[in-house]
Amino acid sequence: MEKIITLEEAVSKISDGMTVMIGGFLGTGSPDLLVDKIIEKGIRNLAVVANDTSFPDQNIGKLVVGKNVSKVIVSHIGTNPETGRQMNAGELDVVLVPQGTLAEQVRAGGAGLGGVLTPTGLGTIVEEGKEKVVVDGKTFILEKPIRADIAIIRASKVDRKGNCVFDKAARNFNPLMAMAADTVIVEADEIVEVGSIDPDQVMTPHIFVNYIVKGAK
Amino acid sequence: MEKIITLEEAVSKISDGMTVMIGGFLGTGSPDLLVDKIIEKGIRNLAVVANDTSFPDQNIGKLVVGKNVSKVIVSHIGTNPETGRQMNAGELDVVLVPQGTLAEQVRAGGAGLGGVLTPTGLGTIVEEGKEKVVVDGKTFILEKPIRADIAIIRASKVDRKGNCVFDKAARNFNPLMAMAADTVIVEADEIVEVGSIDPDQVMTPHIFVNYIVKGAK
Amino acid sequence: MADVKTIIAKRVAMELNDGDLVNLGIGLPTLVANFVPEGIDVTFQSENGFIGMGNAPETGAEIENLVNAGGLPSSVLPGAAFFDSAMSFAIIRGGHLDCTVLGALQVDAKGNLANWMIPGKKVPGMGGAMDLVTGAKKVIVAMTHTAKGDIKILEECTLPLTAKGQVNLIITEMGVMEVTAKGLVLKEIHPDLSVEEVQAATSAKLIIAPDLKKMCL
Amino acid sequence: MADVKTIIAKRVAMELNDGDLVNLGIGLPTLVANFVPEGIDVTFQSENGFIGMGNAPETGAEIENLVNAGGLPSSVLPGAAFFDSAMSFAIIRGGHLDCTVLGALQVDAKGNLANWMIPGKKVPGMGGAMDLVTGAKKVIVAMTHTAKGDIKILEECTLPLTAKGQVNLIITEMGVMEVTAKGLVLKEIHPDLSVEEVQAATSAKLIIAPDLKKMCL
């Protein structure tokens, strides 16, 4: 099964209205070529799950500015004023989630768990409308798993089977999202032969990865 | 803070009646010297959380044979006939847990989550006496987090701060248990200088590790 | 008659597809790896913590810390990846495993499986079996049709269940049975046997597929 | 008067202990790293995915994929470790973080904190703040006592909360206040100020510690 495809082929897997997970943290570790291609193709009405909406001129930030997105589920929008503007204008649905909760929700989506029981958000507006579960006298918010149609992630080194290695702080949400989407596309800074990554150092096993595109590096 | 201590000092942290997590899978990746020292010291009445009770002549298996243990929380006892004999004779309390549930319970204990919502065990005796939670129409068993007083784990390479690297299939429960105990002691096949492990390849960050003992290798 | 185990393992192998991730239980199911059809790429998981499992190494060529879920020496193929037990069962529970092949003490017309304990006699524990049967996309029971004459394919299991309603296919030396909403459908039959002979060895009422085929030995 | 931010950061640093894992919020709290007392070893976490954070690199010496949680270039010290966002927040939520230092829009006598949104005006999102304040063993609010004359230390917060009852200590240029069951106890005061002056800048009723000390500048 050949997983390496062109950018054009990769983005053809993404349609208007899909839920898309995008790896990265303020742009670090985000799949830049894939996002640029989404904008070029004019795909719209996407629901994006990501840590943040980055900066206006970077990755997810550009998707917001380009109005390719109708909903974002993120922990932070402060670095992208356009996200706040669209939210206040009623043009963009913004769901804000505590970062650790978001990470566990994505992990739960990938791990077949029914939800996440977290103390984070208790006594705040985050708990509004959510079920609470008491375990041994302690109260937790039940946060639901999150899955997506597509995850687009970025890795520094990927073998031709799809085993991924991430570099430094570019790891962040990437390995979690790779587990939680029906289709996973990785933008690889470097594509290497199978067998050249030490099996102990694989961070995302190849079985999670459907397609590989070569990044710009 | 010097973390490297002697075997004698390490085992002095363990007292009769404690709950002890022990890494390993049928002995692979288990801390052999620490377990032998527990037996030598005659520590008794331990509650052991582990994947299995290994073989009678190996690691946790020896603890069972030596009657150092009054309770085990494990997924499998089939390779150690003595565990079954003690269980049937009413000498040992055996709690059997599906392996994936056990892994998540330990992880939840370490990650501050209130519990695990899993479909595993539905319709079986595993669900007996347990709360169920329905999320979006699907039913899950609520399994509680597990923590321990002490975790004793095994790593192949550990730096003097406590950063751990595990080797091949010896990883198993070790990194999970390192997160879920009040005190964590790692038996290191090799102790290396701080800075000699690539920060991208650390599998258990040093902040989880309280003490390091040199293994037999 | 050709070796019974070989007949079963060969037939199971025909169920595997290119790109599949497969987990083989201990014993008979392990033999399936020897019969993967040429030209397809199947990845085997060992639930103690890796994918890309290869054959057992020859005596003397064992690799330290590399054992399978039965604790026996194992090997990995190029492109393998090691991980911890939480990741291993995230793969299993999260629906990333295409197929699991297990033995049974009993299996029934509703797809219930019992393979982890005989109360008062033998309680090895469920190990990873409950997660495997609950999480895998396709669950194949591979076993001899009867156990020394005792019937194992029942209208309803009497032993404690491993999972409820999760079995998809039962493959024995006598035939191939699919679990459907209406009951067990006999889809293939050993060329030397009559339908009556198979039914006589089966408590569950067999529905005979209109296009009943001869099993390929 | 010495630089206000320096006074605050220096005083916060005195709260750190040998072996602590500490997370510093963006802005003023970041300065704390410059004043860690000699002879103690403190590890800093960056919640986007590492521990062992060092100083910001000089211009031109930035390291690819190495940014802090504010997206700014960062560095790591020997013994650092990178991980994904789920692990990062397992550390935070799981009680492995000894101390978090954050700014506030408002903080109150009950230990409530508001620092993530001003409804209708500014909604940057909570990022990791809710998890940090909920999970850290010790929560220190480090901020200027008032915001351009506006009072920030209240009897009860009026802005949406970040977390309920989690703040332990408030450190400003005017003094050090501990959150207790009875209310805010003023434990240290700026040497140039009177208790009345501090109370005048504070809405919450201050309880004056019997052993009220002069703040060490």
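In order of appearance the chains are A, B, C and D, and numbering begins at 1 in each one.
The rule is short, and it goes like this: a contact is a pair of C-beta atoms (placed from the backbone, for glycine too) under 8 Å apart; a residue touches a chain by one contact, two chains touch by 3 or more.
Note that the structure is a prediction, hence the values are computed from the model and not measured.
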Given subunit B and subunit C, the chains that contact each of them: A
Result of counting contacting C-beta pairs for A-D and B-D, higher pair: A-D
Identity of the chain that, by mean CA position, is farthest from subunit D: C
Inter-centroid spacing, subunit D versus subunit B (mean Cα positions, whole Å): 35
Subunit A and subunit B: spacing of chain centres that average the CA atoms, whole Å: 32
Whole-Å separation of chain centres (CA-atom averages), subunit C against subunit D: 55
Subunit A-subunit D separation of Cα centroids, rounded to whole Å: 29
For subunit C, residues contacting two or more additional chains: 50, 76, 82-83, 86, 89, 92-93, 135
Of all residues in subunit A, the ones touching two or more other chains: 104, 107, 111-113, 118-119, 166-168, 171, 199-200
Touching pairs - complete list by chain label: A-B, A-C, A-D, B-C, B-D
Subunit B contact footprint on subunit D (complex, rising order): 18-19, 21, 41, 43, 50-52, 76, 78-83, 86-87, 89-96, 135
Residue ranges of subunit A touching subunit B (in the complex, touch as defined): 104, 108, 111-119, 133, 135-136, 138, 140, 142, 144-145, 165-168, 171, 199-201
Touching residues (chain side subunit B, partner subunit C) in the complex: 25-29, 51-52, 55, 74-79, 84, 87, 94, 96, 98-104, 106-107, 118-126, 156, 166-176, 203
Interface residues, subunit D side, partner subunit A - complex: 46-50, 63-71, 74, 76, 82-86, 88-89, 92-93, 112, 122-131, 134-135, 160-165
Sites on subunit A touched by subunit C in the complex: 1, 107, 110-113, 159, 161, 163, 179, 194-195, 199-200, 202, 205-208
